[in-house]
Every structure is written in C-alpha cells, then in structure tokens.
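Multiple structures are listed underneath, in structure tokens.
Shared between the two complexes below is chain A, which pairs with chain B and chain C, respectively.
For the complex of A and B:
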C-alpha cells in the first residue's frame, strides 16, 4: 500500500481513536465504520489530508431494524467507504452539504427512495418519484412490494404559480425540442439573464435498483445494461466487476483486453455523438451531420465485435461472451485509421470556426475549486483542470499496462469540455490499436458459481461521461441484496445548476449539452 | 381531392419523437435515421419538434408514472389523423422494466398504437420498415390493372362421348 493511503487512515485513527472501526481493502481502499453523527468528523479528517476529496455516492441500505448509509468518498489517494446507521423508526442524520456541497442531490435521492431525513438539507415533496407517489412509502425498503403501491391521484401539484414581478419562470420540458429526453427544468429569468435553475428529475426513473434485487445476477447484467443505451458496456462492466470482486474471480487476460476494446469503442461512439449533438444545439447542423456520418463506421465496428449495434451484451461474469476473430483486427484498424485522419479537420474547425467559438467560449465557466466542491466527474472535471480519470487513478482491467495520455484543459468553459472529448477520441484510437497489437491468446471466460456469497464490493469505471460507480451487496443467493448505481450524469447536474446562473438564456443549450446529459442514466 | 390529401400525407409524414422512459438506445437510433447513412428525409420523413404539426408519434421506452400523463397530453395536441408507432421492446410491452414500481407498462396501456416495432434496440432499417409499412396501410397500393386478355381462339368442342361400360371379357377356358 502506498504511504499516502496510510496517511489518511492514520490521521483518522489518531483523531477518532475508539469511535471508528477500520477494515482495510473493503469498499475500495478501506471501509470506516462509525456511529451516527461521526461521519462528519471522518469526512473533515479526510478533507484535511486531501483537499481533492469528493463524494462519489451515498448508498442507502435496508438492514432490517436500521437503515445503513454508506458515504463513498473518492480522494486522490484512495477510495473510502464511510459506513453509519440510523434507526428505521427515526431515520435522522446530519447533512454533509456544508462540508461537501456536491453531496446535495445524493442526499435528496436517499431521502426520496429510503425516507432518511437529512437535517439541514430540506428535501422537496419528491425528487425522483412521481408526484402521485404516496407520502411515507419508500420503494427501496424491503417491505414495499413493487406491484402493490397505490398511487394517489389527488396529491399532484404540477403547476406551481409563476414567480411574480420582474422575474419570469420559464418551464423547459418534459417535452421540448431541445431535449431528446423528458426532464423538466424551471428556469427563472430576469430579462434575458438566468437567475435560478430548478431541476425536476425522475421522468425516466424506472426503479432499476429495486428490480435488480428480484432477478438473478445473470439477468441483472442485461437489466443494468439498459440503464443507458449509449454507455451500456460501461454499466455491464461496472456490475460484473463488482460481482467478480465478491466472487474473487480472476478474469483471463484475453477477456480483459477484449473488455478494454469494447469500452473504448463505446467511448469513441459516445464522444462523436456528443460532439455532433453540440453542433445541433448551437444551430450548426452541418457539423452534426458530419460527426454522425463518421460515427456510423464505429457503430459497424461495435456490431462486428459484439454482434449488435446498441446492446452487444459482451460482458459476463468471469469474462466476455464473444471472441474476436483474427480476421477482424485488420478491419478495425482500417476504420480507426480513417477516423484518425478526420480528427485534425474537426480540431481545426473547433479552433478556427468563429460561430463555434462565439457560442462556446466563456460559456458556462466552471472553476477548478467549484469543480472539486461540486464533485463533478469526467470530461467536465478535466476541462476545469481537475485531473480525475479512473483509468489513471485506480486502473481497472489492463488500463495500467496501456500507455495513454490524460487529457486536461484549464479554461473550464463549454469549448474546453468539447475539446477534451475531441482529444480523447485520438487517445481511444491509440488504446484500441495497442490492445489489438498486444491481444494475448487463451480462454475468454471462466465459469463461476451462480450463487454469490455474502459480501459487498464497489466498482468504478471511467464511462464516456465520467466516473460510473457500482455497489453490489450479495447475500449468498442467486440474486443480489442491493445494487446501487451512481451515474456520471447525475454527478454533473449540480455544475449546470451553478454555471447557468448569470448567463444568457440562449447559452443554456450549449452549456447543458457540454455536460453530455443523459437522463436515462441520471434517473435510472 | 381525397387522393391528393392522402398522397401528401403519405409522401411527407412529419414525425414527433417522444421518449416516455426509454434508455436512449432507441432514441439514438431514431436520430441516426436522419443522418447521412440512413437519411429518411428522402422518403419525406421529417422530425418535427412540435406535436401540433406532427402526423406520426414515435414513442420509445416503457411508460413511467410521470410520463404517462404527459404522453397523453402530447397525443391530444396532435391534429387528426394521427398515428402512434411504438419503437422497441419496452414501448411494445414494457420489456425488461415490466412490473417495476414506477412503470405503467407498454405504450398501448395509454394510447392506441398503430404499429409496433420490436427489438432492443431495433435497427434503423427496422424502424424505416415499420414506418413505411404504416404508410402503406394508409394508402394501400392499388392492385395492378390486369392487362386485357386477348380473346382466345375458340376451338370447337369435342362432342362428349357417352361412356359406356365395357362388358368384362370373360375368358372361357
């Protein structure tokens, strides 16, 4: 273990001696068990050692008499889980948003789905659930049966009165030309200037976390893939990786390389999609058509390697389901070489084209300090000079062996975020070519037991949109006890709520699309 | 006049896309339809952002509790005649999400559906095929006119000979 990781643990041990129990190697680097109320002190202690600390997710667990809360914390030096419990009869706990403001939405989610009251972070009526959902029923509690909940049609309060005076409330969504997916944003404007943005999430909330508890592990792979159609291999890998950690399975090296190829092809198609979508949002439709034209050969490659354009279902517990034919490698390389030739043209376009610069530069600027405070992830963080990339920080599969560059920009505006993605396209091409050249021979999967023992594990993946987090708890049967998914888009929403304020209403679309929004991920 | 209207309707269907709780898989395939490789604009199909101008409603995804009411409202805003196409396994029946606490089910629980396109996600070719089949149903291709038959030369009918049972030949030994 590097010395720096021991630093944090020794500091916590010296500060909170008998009040914490530390279990090394569990839930990432270490699991720190405390009693109710002390989680704040642990967080403060970690923050003192490492200022780059952020909350990845808050997992709520129904433990029978108590509700368990796991604060998954990422630092530059390791990944910690702070575990605490609150009694089910009186589920009150102090908020942490005064220490880490980025935890606000995570707390609201736990409040809505498990009924925990976070003192100091007032929650709205419903955050993810329908307005018709009855009060006092929390779907992730074990005693709630999914099919038996009766909705209460009288309790809806959809149309709140608009703001009065100079301020006007504009409601964008759920069905809106600029949004491909249903979600509602209430934007308060003073003239042309935005003064407040309130999101209403949950239009695509399908209750996947609850559904995963009632299915087997193999069925769950296909279920969690359908959290998001764009970054589905990342979701499948996140789940499979966590289960493999509980099972302590060693994946054959060939499968690891094939997984990396699948994940990077996915990143390529997702980045091309977003770069094109950004063109559409700033009214530059030609750019959109160009990028999507170049995305189609990548979709063909995904079909070649996995068997389907969208849902390949390549990942499985213990390896991959499909091998790469030897004759396929040259085909992949030819397509990637074509794409590599086209990238300089797009880069030049982003550099020189006046309309792109006018719409994107200095729009939605997020400073490095704010990025750390709001716990943003992925290209959004890297554009603000906050170097966080799971592939580099905590390498999974074979990313540790593959040389690649971590892209970083410092301006933190919309333009920088799109350029991070542009540069990552080149890096992804390099990674795939390296993986194809160094593809080992051997089996592609190992057989594993259908029964997963008791235990819990976390798995982080660098999805195209940032760090994707999975927490899986097994209970010795064929289905998991709890699956928690924290998607990168959910973590990036707070940055939009902050950067949109004080800007023109016309800047909302390019600013928002630069986060690469995906509401099916956000809501699950 | 009716023929002209039908012709116009079939040749330029404006489609509205509504995501009622989809995973983005089908949605991205719909957008891919508009891009150079598939390019459905050559069939006159245009993605229309406003429900008030749309002829066909493409619905993707299972219907969630929040979206059910919105989906109905969007459908009500569309002018007559209107058609609903359910794209993907979830829109057809609820798919993997059937029975979840926040999911109502397939689109047909809320709206009358004219065409179902199954698949997860359906390929762009399948979506094109589904929409074209729907349009053909609006304007069924007329049966091709049969070329007039030339008059066949009439042959004189042979006179029917009465069939007479032949008496068995008995062989006397």
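For the complex of A and C:
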C-alpha cells in the first residue's frame, strides 16, 4: 500500500478513534463507516493529508428505515467511501460544499431523487426530475411504485423574472445549434459580456438507475450502454467491472486485452468527434469536415472488432462476447498507421493555426486550484495541470502493463483542453498497437452465476470525457439492489458555470464544447 | 416614345435577369468549391453537377409558409428584406457590365459614391430586418451587423478612393476604362486591404460574426420564413456578387479586355463574369481557411490595423499620383 493511503487511514484513526469503523479494500481503498455529522470531520482529515481530494459521487441508498449516503472520495492514490446514514423520517444532513464546492451538484441530485435535505445547500424544486413530477415523491426510494405516480401538469416551471435594463437574457437550449442534446442554460448578458449562467438539467433524464433495479444483470449491461451513445463501451465496462468485483470473477487475460482495445478505439473516435465539433463551434467548418472524415475509418474498426458501428455490446460479465480474428489485427494496424500519419498535421493545426489560437487561448481559464475544488475530471482536469487519469492512478484491466504517457497541460484554457485530446489520440494509437502485439491466447470469457451475491463494489473507468464511476450493490438475486452512475460531464459542468462568467457570448460555444459535454450522460 | 432597348436592358440583359442568374451561379460556385475544399461533394442532384440547386432552394423557400412573430415590428419586418434586395440590384445597375451600365451608357461623375452609399443602405436594412424580428438572437446579431459595418465601411470608402485618385475621376466608367494596366498592379497594397475590408463587409469568415450559428442560431434570419427568408438569402448572395463586381471594376479593369471578333458587348460580359468568378473563388477560399473571429477581435483588427492602413494607403496613393506619375 502506498504511503499516502496509510497516512490517511492512520490520521483518521488517530483523530476520530472509535467513532469510525474502517474496512480496508472495500469500496476502493477503504470504506469508512461513521455516524451522521462526522462525515465532515472524516473529509477534513482526508483533505489535510492530500490536497488532491475530491468528491467522485454521492450515492444514496434506501436501507429500509434509513437512507444510506456514500461519499465516494478520491485522493491522489486512494479511493475512499465515507458511509453514513440518516433516518428516513427526518433525512437531514449537513452539506459539505463549504469543504469541497464541487459536491454541490451531487448533493442536489441526491436531494431530488431520495429526498435528503442537505442543510446549507438549498435545492431548487427539481434538479433532474421534470417540473411536472409531484413534490414529496422520491423515485429512488423503494416504496415508490412507478406506475402509481401521478404527474401534476398544473405545476409548470415558475416564471423567473426577465432581465431588466441593459441586460438581455439569452436562452441557450433546450434546443440550440450549439448543443447537440437538450439542456437549458439561461445566460444573462450585458452587451456581449456574460454576467450569469443558470443551468437546468434533466431534459433527458430517463431514470436509468431506477430501471436497472428491475432488470437482470445481463439486461442491465445493454441498458447502461444506452446512457450514452458515444462512450457506450465505457459504460458497459463500468457496470461489468463492478459486478465482477462482487462476484470475485477472474477475467481471462485475452479478454482484458480485447477490452482495452475496445475502450481505446472508443477514445479515438470520441476525441476525433470532439476535435472536429470544436471546429464547428468556432466557425471552422473545414476543420470539422476533415476530422469527421478521418473518424470514419475508426468507426469501421469498431464495426470490425465488435460487429456494430456504434453499439458494439462487446463487454459481458466474465469477459467479452466476441473474439478478434487473427486476420483482423493487420487491418487495424493499417488504419491506425494511416491515422498516425495524419496526426502531425492536425497537431500543428491545433497548436499553431492563428484563428484557432485567437478563439481558444485564454478562453474559459480554469486554474489548478479551482479544478481541484470543483472536482473536475478527465481532459478538463489534465489541461489545468491537475494530473488525474484513472488508467494511471488506479490501473484497471491491463493498463498497468501497457506503457503510455499521461498528457498534461498547465494553462487550463480551452486551447489546452483540446490539445490534451489531440495528444491523447497518439497515445491511444500506441496503446492499441501494443495491445495487438501482446495479445495473449486463451479463452475470452468465463461463465458466471446469474445470481450475484450480497455485496457492493465500485468501478472507475477513464472514459474519453474523464473518470466514469459505477457503484453496484447486489442482493443475492438476479437484479441489482442499486446502480449508481456518475458520468464525467456531470462532474465537469461546474467548471463551465464558473469560467463562462465575465467572458464574451462568442466564447460560450468553444468553452462549452471543450468539456466535450454529453447530456444524455449527465441526466441518465 | 417607349425605349424598348432600355426596357430589354433593364429586364433581361445586363439587367435584372442577368444579375439574378449570375448571383445564383456564383452561389453554386461557392457551394461547390467550399464542398470540394472540405472533402465533400456539394450540391449534385438538381441539374448537371447540382448547378440548379440555388434556384431550387429559392423556389422551395417561396412555397413555404410565411410566419410573422407576434413581437415583430410588422412593417419593417415585412419590407426590409425586399427593399434591401431591390437596392442591391439597383446598385448593380450602375456598374458597367457589357461595356455600358444598365441605366445609362456612361454613368455620371460621382456614381462610385452613390453605389457605395446604396450598399451601405442595404446593410442597414438587413440590420433593421433583424432588429424588427423581436428575437434576442436577431437583436444581438443586428447589433453585431451594425458594429461591424460601421467599422469596415470607413476603410472600404477610403480604399475605394485609391483607384479614383489614380484615374482622377469618381465615375465608375472612367475608372474602369482608364485601367490599361489594371490597378491591382499599380496599387497592390490597396487591393489586398480592399479585399480584407470587403470580406468583412460581406460577413464572410473570418468575419462572419453576425451569423455565428453556434451562438446566435440563425442570426438576424432566425425568425424569417418563406418568401422573406428567400429574399434575405438572395440579398446576401447579390451582396457577394456586388462586392466581387466592385473589386473587378476598381482593380481588375472592369469588363474591359481583349475583343477577338464580333460584338464587343459579348466579350465584355464574358470578361466581367470571369473576373467576378475569380474574385468569388478567392473570397470563398479565404472563408474555408479560417475560423470565425470574435466581435472584439474583429473590431480591434479594424480600428487598429485596417483603418490606419487604409489612411496610409490613401496618402501613399495621393503622393504617388501627385509626384511620381508626372515623372513617368
């Protein structure tokens, strides 16, 4: 165990002594059970040892008489779950946004879906749910029957006062050319300068977490893939990985390599998509067309390896569903070699093209301190000099064996975020080539029981957009007790809300697209 | 007595029909060129190589439902696109196209100023059309149109005076006719600056800030539908042809060129079309090469670079015309 983890645990033990129960190896590095109110002290203790502490997610659980709250916390080299409980009759708990501001949206989500009151973090009427959803009905509580909920059409959204004087209120969304998916941002502008951004999430909230509870594990793999079309293998892996941890299944090595190939192909196509889309947002259509042209061969590779262009459905519990043919490896390598030849041109374009630099540099600057405070993930964090990458920090599958570089920039602006992705394309090509060269022989899956025993596990994946978090709790049946998904865009939205203020309206689209936003992920 | 020739000239050639067809053709060239530069095929269904696509789009829009938003200022909203289109076509009528202009054979001294004034009025009407549509995107887009064309009109006027100074006249005819050596060779600096200012006037990349679709949806066209939208699009296209024609008249020797046989008017129109096409291709090429700038960057480029450069260019021209030419 690295030193910092021991430090954190010993500090917590010495500070809180018998008020906490520590269970090593559970929910990541360790699960820390504590009572209501002491979770703040545990968090402060962790923060003292490691400044790179952030909240990954807050999971709410219906435990019968109580509501369980799991604060999933990540530090530089450890992953801790702080567990506490509140009574269902009086579900009040103190907020942690004064310690870690990035937890604000996570708390609002739990408040909306489980009815927990976070004292100090006033929640709007609805955060993810529709305005028509009746008050006092919390969908993730077990006693709620979905078909008995009566929607209340009379309670439309309260009319917020319109902007007055010099200010103009621009509504970006739910339908807007800058957004590929529906989500609403009310932007107040003074001339061309943004003074306020108010988000309204939940336009594509489909209740996938609740739906997963009523389906079997195998059905759930396909369900969670539908959280997001672009990064669907990551979602499938996140779920499958967590279930395998509960089952204590050993996945055959060949399956591990095939999974890595699928995940990296996914990263390639997702990054090419974003890099092109950014061109569209700054009025550079030529760039967009070029990137999307070069993305097509990667889509063909995804079809070659999984059978489908978009939804490969490669992952399954215990391995992968489809083997790579001997003759396919050279085909993949040829396509990747082609792409590798084109990368220097694009790299030069993103680094040096003057109109790109004029539009992206010093736009949406997120400092390292703010990045840590707001708990951002993925390329957004790495562009601000906040080096977190699940593939390096907590290697899953065979990422520990494969040599690759973690990309980092320090300027934290839109330009840096796009360049992180640009450089990662090269690294992904390297990883896939290494994996193809070192592909072991053997079976591609092991059979597992359809019944998953009682237990809980977390699984983190470095999706193209950042760390994707899955929490699965089994109860001994064929369906999970609870599935919690925290998507990277959900973690990155606070950074946009902060950096957009004081900048030009024209900076909103490039700033926003540099998060690679995905709202069907965010809302689930 | 009714002058049939004049009516024919106004209605058919080189008047309304010719200008309309040239506009649609240039639109097709632009779209096809942009598509090929971006690795696409571009229009290819209507007519050979999709050449009828702009016409098909225009007719399609004419058949669409015409919606007027409740908050729009109805009169301005209705008439601004139509009047803008009319004024642009009217301005085109003053340019020598087949060796003579549409309305009068030799023009009059000072028609350069009139033409530039018409184009400014047309831009202003476009601003009004967005302003009257009662939509925040239209309003912001209109404000950007106004800021941008106020900024770039001044250097454009100053730079248009360079050929006038060399020719010693404010008449388009004299300017075009006196270019035995095209002014692009005599004053290349003014040509380059004029092209940049023109790119900004026509709101093309990197200066297409007013219709940045990722921020402002449809820009000032957001609320327009049907026939009105068709005329807005057409006005934009005529503006582009007009801009190219102005460059041709001022710097490329107008419609004048070698006459090999037969009617000079035929050859003059041919040279005119070819030269206009060349300029349209150059502007479109620039458009595909750049990303869109931000409004503050566009303005600072104008006030800090283009305007001082335009003034310098004018001073240089005056100095050369006054002191160097008499020596040659």
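One rule holds in what follows: the second predicted complex is superposed on the first by the 522 of 524 C-alpha atoms of A that agree within 3 Å, B and C clash if a C-alpha of one lies under 4 Å from a C-alpha of the other, contacts with A are read in each partner's own complex, and residues count from 1 in each chain.
As a convention for this text, contacts are C-beta pairs under 8 Å (C-beta built on N, C-alpha and C of every residue); 3 or more make two chains touch, one makes a residue touch a chain.
Fair warning: this is a prediction, and the values are worked out from it, not measured in the lab.
In the superposition on chain A, contact of A:192 is made with chain C only, not with chain B. Legend: residue contacts after superposition of the two complexes on their common chain; A:226 is shown touching chain B, with no touch to chain C. Shared-chain residue A:283: touches chain C; no touch with chain B.
Set against each other, chain B and chain C touch different numbers of residues in chain A, with B touching more.
In the superposition on chain A, contact is made by A:293 with both chain B and chain C.
Touch criterion met: A:508 reaches chain C, while chain B stays clear of it. By the touch criterion stated above, A:433 is placed in contact with neither chain B nor chain C. Of the two partner chains, chain C is the only one touched by A:359; chain B is not.
Across the two superposed structures, the residue set of chain A contacted by chain B and also by chain C is 176-177, 289, 293. Chain A meets chain C in the complex at residues 168-171, 176-178, 189, 192, 279-287, 289-290, 293, 353, 355-356, 358-359, 504-509.
Chain C meets chain A in the complex at residues 34, 37-40, 136-137, 139-140, 205-206, 208-209, 212-215, 217, 288-297.
Considering their complex, residues 17-29, 31-32, 35-37, 49-51, 61-62, 64-67, 70, 74, 95-97, 99-103, 120-121, 123 of chain B touch chain A. The touching residues of chain A, counted against chain B in their complex, run 129-133, 139, 144, 146-147, 149, 151, 174-177, 180-182, 202-208, 210-211, 222-223, 226-230, 232, 273, 288-289, 292-293, 295-296, 299, 309-311, 518, 520-521.
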